[in-house]
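This report refers to the structure that appears directly beneath it.
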Amino acid sequence: MVDEEEQKEYRWETGYEKTWEAIKEDDDGFLEASVADIIQRAKRKRQAQKQGNSKLGMMRHLYVILDCSDSMSSQDLKPTRLLCTVKIMENFIEEFFDQNPISQMGIIIMHNKRAEKISDLAGNARKHIKAINNLKQTSLIGEPSLQNSLEMALRALKLLPSHASREILVVMGSLTTCDPGDINTTILNLKSEGVRCSVIGLAAEVHVCRRLANETGGLYNVILDDCHFKDLLYQQVDPPPAALTLESNLIKMGFPHQMSVEGTEEPLTMCMCHVDSTDEGSKLNTGGYYCPQCYSKYCELPVECRACGLTLVSAPHLARSYHHLFPAANYDEITYENQTVICFACQKNFSETDKQVYRCPNCTKIFCINCDIFVHDILHTCPGCATNLSTFQIAHNTTQ
Amino acid sequence: MNNLEIPAETTPEFTSTSETSLLVVIVDSNPSQKMLRDNPHVLTHCVDSVIAFANSHLMQKAQNKLAVMACHSKTSEFIYPGPNKPLDVRQIDGQYEVFTAVEKTIKHNLAKLLANEKSTLVTESLLAGAIAMALCYIARIQRTKPPGCRLNSRILVVTGSGDSASQYMNYMNVFFTAQKQGIVIDVCALDQHLSLLQQGCDITGGLYLKVPQLQGLLQYLLWVFLPEPPIRQKLVLPPPVKVDYRAACFCHRELIDIGYVCSVCLSIFCKFSPICTTCHTVFKIPGPLAVKSKKKKIKL
Amino acid sequence: MADSENGSSSQNSLVVKPINLECKNLYDYLKTRSRSTLEKLYNHPTICLAVYRELPELARQYVIRILFVEQPVPQAVVASWGAQAFSKEHIYVSKVLSELSVWQEAAIPGGLLGWILSVTFKRNLKLALLGGGKPWSMSSALEVDSKARDVSFLDAYSLERWECVLHYMVGSQQQEGISADAVRILLHAGLMKRDEDDGSPVITRQGFQFLLLDRQAQVWHFLLQYLDTVEQRGLNLVECLTFLFQLSFSTLGKDYSTEGMSPGLLIFLQHLREFGLVYQRKRKVGRFYPTRLALNITSMQNSEGPVLEEDTPKGNIVVETNYRVYAYTDSNLQVALIGLFTELLYRFPNLVVGVITRDSIRQALKGGITADQIIGYLKQHAHTQMLQGEVKQPLPPTVVDQIKLWEIERNRLAYSEGVLYSQFLSQADFNILKEYAETNGYLIWCNKEKRTLIINKSAHDDVKKFWKRYSKGS
């Protein structure tokens, strides 16, 4: 699907774009409306692209490779490249697990020509955020080694079952890499294992990064400023289209529930997640989730049972991912000709300033632009379709 | 307010929260729900209680805001403030004129809505859709509020119908959206226990109550749901019940402990089947581990 | 056994504390009314509604919970409604409810004490909430007004009328005459006083403080002063208060009828008209429009943040972290007010620029304005740009803190009146008395070695009694 290579021409080779012509003054000579319009358009465009992907890699296993070399101390991002990255990364991790609750993430840093794993593949956001925060004290020395870190990530990703979507995300500040061997073989290995590698460059475009991304079906982008950085990073939150090599599988999962027998107190027990951790020891308490297979207790979900290896999740965790698979239908943009007085969802009165309104193809209800964005960005349910039983059923049959 | 502590002479100020509180009440007025089919007069009682409750909310603070929705199987509508121009209401008795306007508008719009309702018997009320509309409405109020104005919003669902699994996805979408936006969803069940909506309360930090006696509806509403979320910690309210988050399988709709999940579309099945009924993916048969190495060769 | 006060130090001779403007809210006002007056007031649904809204958060929940209960509710039961961690608040709330006679203690068969809502209050609050009874006096039916006024007109009108009063106070040149009645109220309230030389009214320090209040607080304070004099004018206080609250619960942009109002009320209405609380085209027209000034007159403590209304007036002052103040205004009054605590730098047709300095603030403090009032004023008028971004504090914290520090540096000494106890015979005697004073919060200062302590003056009698009891016992 995405494996084919697309050779993009360089920016300076593309046609002469008159970007300023896209911006027009409104009647009062203000630019704001025009700029807002451009932003809205970009949002809608991205939205439209999202549709159409029928198969996504839902069980993601992502290794984040962070450059911690000398070049990260540069101050072109405020206060420094590293601190800026750490801050943006924190939010990214939270958002990632919010949107992909049954996925896992690991973090590798590269400094002084070596790769170092600072957190293993795991589904717990807090652990990763802690690890990332500890980076603030690391000394930034030497050159990075792209090959070493890619190899390290590959070694871990290789072992995963075949239905897992394998991804690597590199945040690269340096323009050079110091590798022990031929990186091209590593790239080929990654490609054959179906690992999708994306790179975000903090400085300038580097050929080897572009090649890595293109070969493995990932994205390669160089940031303009911190806002753009954030934007690029957040693109990685949505699950990527499933790679061709990805297998479909039925995975056995457990749905633990609290052990409560009517009228009796729950016994005091210890949870398995903290039983051998040193900083916060396991405490005897009631409550918790019990693995339905071996009855080990865990204090939070999702988790992989340490005793029997069963993946334990709760139903809402799965449900949180459904919207990637069954997004709300895209609305059609139509010019406003008094079709209706108010927006169906938010009850806003339409006026002359609303030149465009948006219509759902299923329920033909009319919405304002803000609701269009809200519905597709956050809500993922069309209020029109969801309130009428006949359209409700249409919507469901087409998406399923 | 300030980082500088100035010794205060005044008595401790307990009257906190100058926030505006926005309440959206969703009333399930679907005439074909079981409760109303058995006894249609119950609706009048429920609507009266809800109106009195809504007015009590407005009575709390001058700046409090209110919206009321009616939810049916074919449509959901805002019955207050309503799409039309506000009614011109003059005082007829000792009631505060704003309250009179609320009562009149709700009854007027609801009567109109019920008159348009066809007599087809669809017992399911699409509450998830109504909540989705309410979320859009709240999002607009949030967007257009003057800068510096603080707003806490909540949604109260009053319903007598059951929750059906067919709306499961919509329910989950609205619950997570509400959680993200910091909107509390309260649920007052009149007739049946609602396990899905109870999950929503648990996710968003709202309260769930199954009313034991319909006669006392107003009292239950006032006791449990009137305090806005910031004050709830100061009052003793029904404790959160442990919610059963077990999944229901897509094939038989039964709650299961261990199940099989399709890696492509995350559908849940209680038994292994070779084809996913949702996304029509063909699965390989689980065999001995040796299969895995063979697969790798094919990939190469 | 020889101890007694040797001397008492009183601060009155040392320093004269400036009399500050006392701003009462509805609760403070009603607290000072007699019980029978309260009962009379509670006969009107409007007042019950206003009082209810003025209650603390928790109290409102309590009242609504027992609104439909006919028998007294045991006090222990009421106490169990609040969470353990907030028991202090529960005690405070119970006190407020008793003080306002919203509820009373009542005995329950079985010897328990219970709370019961005042019958009148309960009846009338229910009326306001659920309907029934007689309509409020001003709601007679009206023909449609052929010359109906819209909200923006009413806003402009009320603003002009109210500013007229304020302008008169600062004596700026754009003043129009205001009636002798209004002047009398200003004098009565101590906001202005007769000049010693020519007898013309001049503004007092309280007057300046008054000017810095937000509009709603100004109106409320002014009306309270007016209500004080109402009985001398032969008007009925209860009637006026009821009418005032009816106004405050009316709808902006709607007309109301004067039909059936007593002559006294009609006079009151004319006064309100003069201050811009209501609009009437002509005196005899039989209808009037309430303005924004009259609405929600009592909700003073809520004025911290802007409320969720589309058409409220916007602020116009920007304060920067470099202590500069920009005010987009052409009103002489506002320029004069800003001049009270800033050094004005530039003046343009629609903008004045000033800078806050230590001297300018000290000048204002010397004039009797407090730091809180200055900060409150700046906050009240903060430009919408300053409120952007969901920050709690619209003003730069550095500026706010600095203004407060400048105020504190003037008050390094705190005075409190006390009585000196010394020459105790034994350390034990001293300890007993000290402990007693300490546990009751009377102790101001003590010295163990010299066996002296200073006790709050107001507690002197109490301590003396305790000492007598103690020495008799020993």
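As written, the chain order gives the labels A, B and C, with residue 1 at the start of each chain.
Note that a contact is a pair of C-beta atoms (placed from the backbone, for glycine too) under 8 Å apart; a residue touches a chain by one contact, two chains touch by 3 or more.
Remember, it's a predicted structure, so these values are computed and weren't measured experimentally.
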Central chain (distance from its CA mean to the mean of all protein CA atoms): B
Furthest chain, CA centroid comparison against subunit B: C
Centre-of-Cα separation between subunit C and subunit B, whole angstrom: 39
Averaged-CA centre spacing for the pair subunit C and subunit A, given as whole angstrom: 53
Separation of subunit A from subunit B, taking each centre as the mean of its C-alpha atoms, in whole Å: 28
Junction residues of subunit B - those touching two or more other chains: none
Interfacial residue positions of subunit A with respect to subunit B in the complex: 54-56, 58-59, 102, 161-163, 192-194, 242, 245, 247-258, 260, 292-293, 310, 314-316, 318-323, 325-326, 341-348, 370-371, 374-375, 378-390, 392, 396, 400
Contact set on subunit B toward subunit C in their complex: 1-4, 6, 11-12, 14-18, 20, 22, 52, 55-56, 59-63, 65, 90-100, 103, 141, 145-151, 218-219, 222-223, 226-227, 231, 233-236
Partner subunit B, residues of subunit C touching it in the complex: 45-46, 49, 52-53, 56-58, 60-61, 64-65, 67-68, 80-83, 86, 88-89, 92-93, 124, 127-136, 139, 141, 249-251, 296, 299, 301-302, 304-309, 312, 382, 384, 387-389, 392-394, 397, 400-401, 404-405, 408
Parts of subunit B lying in touch with subunit A, wherever the complex brings them together: 71, 73-76, 78, 81, 83, 122, 124, 126, 128-130, 132-133, 135-137, 139-140, 143, 166-170, 172-177, 180-181, 199, 203, 242, 244-248, 256-266, 268-269, 272-273, 276, 278-279, 281-284, 286, 292, 295, 299-300
